[in-house]
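Next up: some structures, all given as structure tokens.
Across the two complexes that follow, chain A remains constant while its partner is chain B and subsequently chain C.
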Partner chain A sequence: MTWDASLLWQFDILVLLMMVICAVTALALEGLLSSAIVTGVYSFLICLMWTHMMAVDVAFTEAAVGAAISTVILLGTAQYISRWIKKDRPKEQGIKQLTIIIGVICAVMMLNATRDLPDWADPASPASTHLSSGYIEQAYHETATPNVVTAVLADYRGYDTMFEAVVVFAAALVVMVLLRHTSHKHRKVLHLRPKREGRDTVLRGAAQSIIPVMQIFALYVLFHGHYSPGGGFQGGVIFGASFILLALCYNLKFSMNRFREHAVLWCCAGGVLLYAGIGAACLGLGWNFLGYAALADLLGVSGKMARSHGILAVEVGVGITVMAVMVSLYYDLASGGDLEDGL
Partner chain B sequence: MNLEQFFIAMAVAILFLMLCNLYRVVAGPTVIDRMLGMNVIGTKTTVLIVLIGVIDGRVDLFIDITLAYALLNFITTLAAARFYQRLAQPIPPEPRESLVAPSAGPDVEEADVTAAATDPSRKETP
Partner chain C sequence: MDDLFYFIISKYNYWAAIILLFIGLYGMIVRNNLMKKIIGMVIFQTAILLFFVSIGVKRGATVPILKFSPDKQPLLDAAAYANPLPHVLILTAIVVGVAVLGVALALLQKIQRVHGTIEEDEILEDMRK
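Right, the complex of A and B next:
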């Protein structure tokens, strides 16, 4: 058997097969807890896929979000809604079938569209011939940032990233608006929630020793994003996950005493504000919005180092927003909006 | 057989082992089986990412991802265990005098309580 190290198609086929199995199983299983667990497995597999494609930053995001946030938020939501689910409700069966029909139609359309896509790593594809080469050749000389992905993300495509941060912020706002407005009857129903019991000595000891490591690692990921995969989003997610871990090992009240509701809200808005504020400062100094080279005189460094520092500053802004939004989503979804008791 | 082929063979072998765990996740009769299967798959993913890094010769890029997995992998398992812990408990009797929502009366059914079944070890704890 000959091995093709560059493609390693056996690997791809096995991972894809497992992903399809996971997706079908997650739909077919009855319990919400089981479905959430299978979704977590799916996240591991897709991270492997991206790692194998050398999309390292994407894989890092998937690792942070998939391992720490998405399944936890799914479980929190499941815990909240499982109080209302009635089995064999005919209306929901109709909705399920409608979802399957829409999903199949979308899948067929997307599979049809993939025929027009260039081959994987095709050097003749438009993206490789026009855009990527320019970034790869110029990014380091213009921004002094060895990781091209970070340079593209926060400098060349700074607008996109800023509005991504705004979208994340908006997601937290929407969840808050939807869930905090708990009417009287919902409050009564959540009152029936069983209390968590036990002392959790091992868990608390583990949390005490691992949470500082996690937070330092998050800061490393955030500030080392210029040189290695990582950056504001990944660092923010890991930092937020440390508070979620605190809430899981102790309880929601304990975590909320450490990171209070007001602080979460301030951080949610403050990160986006920091990002936009740096953009506006560049505008005020006579350059384009988010043209970090304007900060050169202010910082007393050369133009390309100013761009590097500007990237770092906006990454910090993204990190603060993402961290606070993840914590806020957990607080709201796991407690059903009343912030009394979480997962 | 050179070292690279050895690593590739190892990666594919670990992938097959992951497939075995996936069987437990998909078929697992109880939720506990699924949780354990997911945890093991996460551990294997960590190893596989390092192996891919070694095969591609850029292991420095992948170490951070594996560190993130090593730090965060058990949070999902912990959340699932908390979820299970609550659902395995009986719902406390609802206060009669309070206004219980009409949509969630006494006939509210637990989504997972059948799968969670009753846990005999729970009774032993004081």
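Right, the complex of A and C next:
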């Protein structure tokens, strides 16, 4: 019955309370633009929670993806729909009220069930004593990668990560297919897009000085993922965000002249191909798919260094795909599919 | 009194996750506007992620990046680092989450073009016509 003061429960409770308030506010607000912004605030708050729970890689991803990209695509979509929700409630709410009652009962049952869960932050909990301690103890000897998260992500659970990359690739294609071909009758919604006038000198100047730094930082995050928080997902998202920032501060055409849609699509597919190609190369050399130790002779290094290099190579693949998918999502969603002008 | 205090601070994270889960579910089911439903989905998803990462927390542990002693030997004590496995699962889930959000928003734009509205009851009315 002792409690270690190193976990600041006061801080947690404050942040969790603010998250609940943000969640309720985001659902209750009548303006959809403000709803989108509050969702961004919610993402930043959960980012604080991740950091405090020592999940730095997760916090990094959440800050780049949840708080930045999600908010931008929500705002981009809000251009093409009514900005306000309809106030008068629909008449038939019976089935929905029944759902609320069932939901409340489920919530009470789940809250009751937490008594059986292991205490929060208990080092002896089942989740922390079986597989994960093996990862921590062996990852460095087997893969020469001090960041255990990176080692597990790209080596031990390489299949998982590869198919995650395939999923985001498929999502980018689906968005494109859904929005690109719109019949003439349905194009009129695109005129809702506000016209951009004048030159935002301050914004453009700021973008000019921030974007190169962002891109170098993204590459650092990608290539330093073995030794510090970061890796392919985070680096890719930051690199993609630099093109989105360019489009936000200038306009969509300006960004598309530098990173054409054709190139974006090649990058989308190329990253996944690089990942799968490295897996297939290992297979060709007589090892398992994604068994990077097969590359040892080819690279002239020891087996565990080969795994370290293999991790780096697939992280680059993930980074390229994620970067291109984020840019592609922005191009399509913010322009409503016609790629004429964006947010 | 101490027991109650200990009980609360050893469970509050799970409670917060469950409360957020049902706030998200409420948004998805009860709100009439499709954009609100999508925001409900985002909240629902982060609640699950919060629960997962909560499982990996260890008292007195640090970030799962190995520390080295001055003679370049890694400190390999499992109790000294947070559980890396939930972090890996959640990291990829966040990126897939934004991909799902993108597809949902594309469908939303398509619905707006075809039906001229994103209010659930108006879409149903339009479809009955």
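Operating definition for what follows: the second predicted complex is superposed on the first by the 295 of 343 C-alpha atoms of A that agree within 3 Å, B and C clash if a C-alpha of one lies under 4 Å from a C-alpha of the other, contacts with A are read in each partner's own complex, and residues count from 1 in each chain.
What we mean here is this: a residue touches a chain if its C-beta (ideal position, glycine included) is under 8 Å from a C-beta of that chain, and two chains touch if they have at least 3 such contacts.
Worth saying up front: this structure is predicted, and the values here are computed from it rather than measured.
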item: Contacts of A:78 with chain B and chain C, given as first, second, both or neither; value: both
item: First, second, both or neither for A:258, with chain B first and chain C second; value: neither
item: Touching partner for A:180 - first (chain B), second (chain C), both, neither; value: neither
item: Touching partner for A:54 - first (chain B), second (chain C), both, neither; value: both
item: Greater chain A contact set [chain C / chain B]; value: C
item: First (chain B), second (chain C), both or neither touched by A:33; value: first
item: Touching partner for A:148 - first (chain B), second (chain C), both, neither; value: second
item: Partner chain(s) touched by A:229 [first = chain B, second = chain C, both, neither]; value: both
item: Residues of chain A contacting chain B in one complex and chain C in the other; value: 3, 32, 36, 54, 56, 76, 78, 82, 85-86, 186, 189, 228-229
item: Residues of chain A defined as touching chain B within the complex; value: 3, 5, 8, 10-11, 14-15, 18, 21-22, 25, 30-34, 36-38, 40-41, 44-45, 47-48, 51-52, 54, 56, 59-60, 63-64, 67-68, 71-72, 75-76, 78-79, 82-87, 184-186, 188-189, 191-198, 203, 210, 213-214, 217, 221, 228-230, 234, 238, 241, 244-245, 248-249, 343
item: Chain A-facing residues of chain C, complex; value: 2-3, 6, 9-16, 18-27, 29-33, 35-36, 39-40, 42-43, 46, 49-50, 53-66, 68, 74, 76, 78-79, 81-92, 94-103, 105-110, 112-114, 117-122
item: Chain B to chain A touching residues, read off their complex; value: 4-5, 8-9, 11-12, 15-16, 18-19, 22, 25-26, 31, 34-35, 37-38, 41-42, 45, 48-49, 52-53, 55-56, 58, 60-62, 64-65, 67-69, 71-73, 75-76, 78-80, 82-87, 89-92, 94-95, 98-104, 107-112, 114-116, 125
item: Residues of chain A touching chain C in the complex; value: 1, 3-4, 6-7, 9, 12-13, 16, 19-20, 23-24, 26-27, 32, 35-36, 39, 42-43, 46, 49-50, 53-58, 61-62, 65-66, 69-70, 73-74, 76-78, 80-82, 85-86, 89-90, 96, 99-100, 103-104, 106-107, 110-111, 114-115, 117, 119-123, 125, 127-128, 131-133, 135-137, 139-140, 146-149, 152-153, 157, 160-161, 164, 167-168, 171-172, 174-175, 178-179, 182, 186-187, 189, 227-229, 233, 237, 322, 325-326, 329, 332-333, 336-337
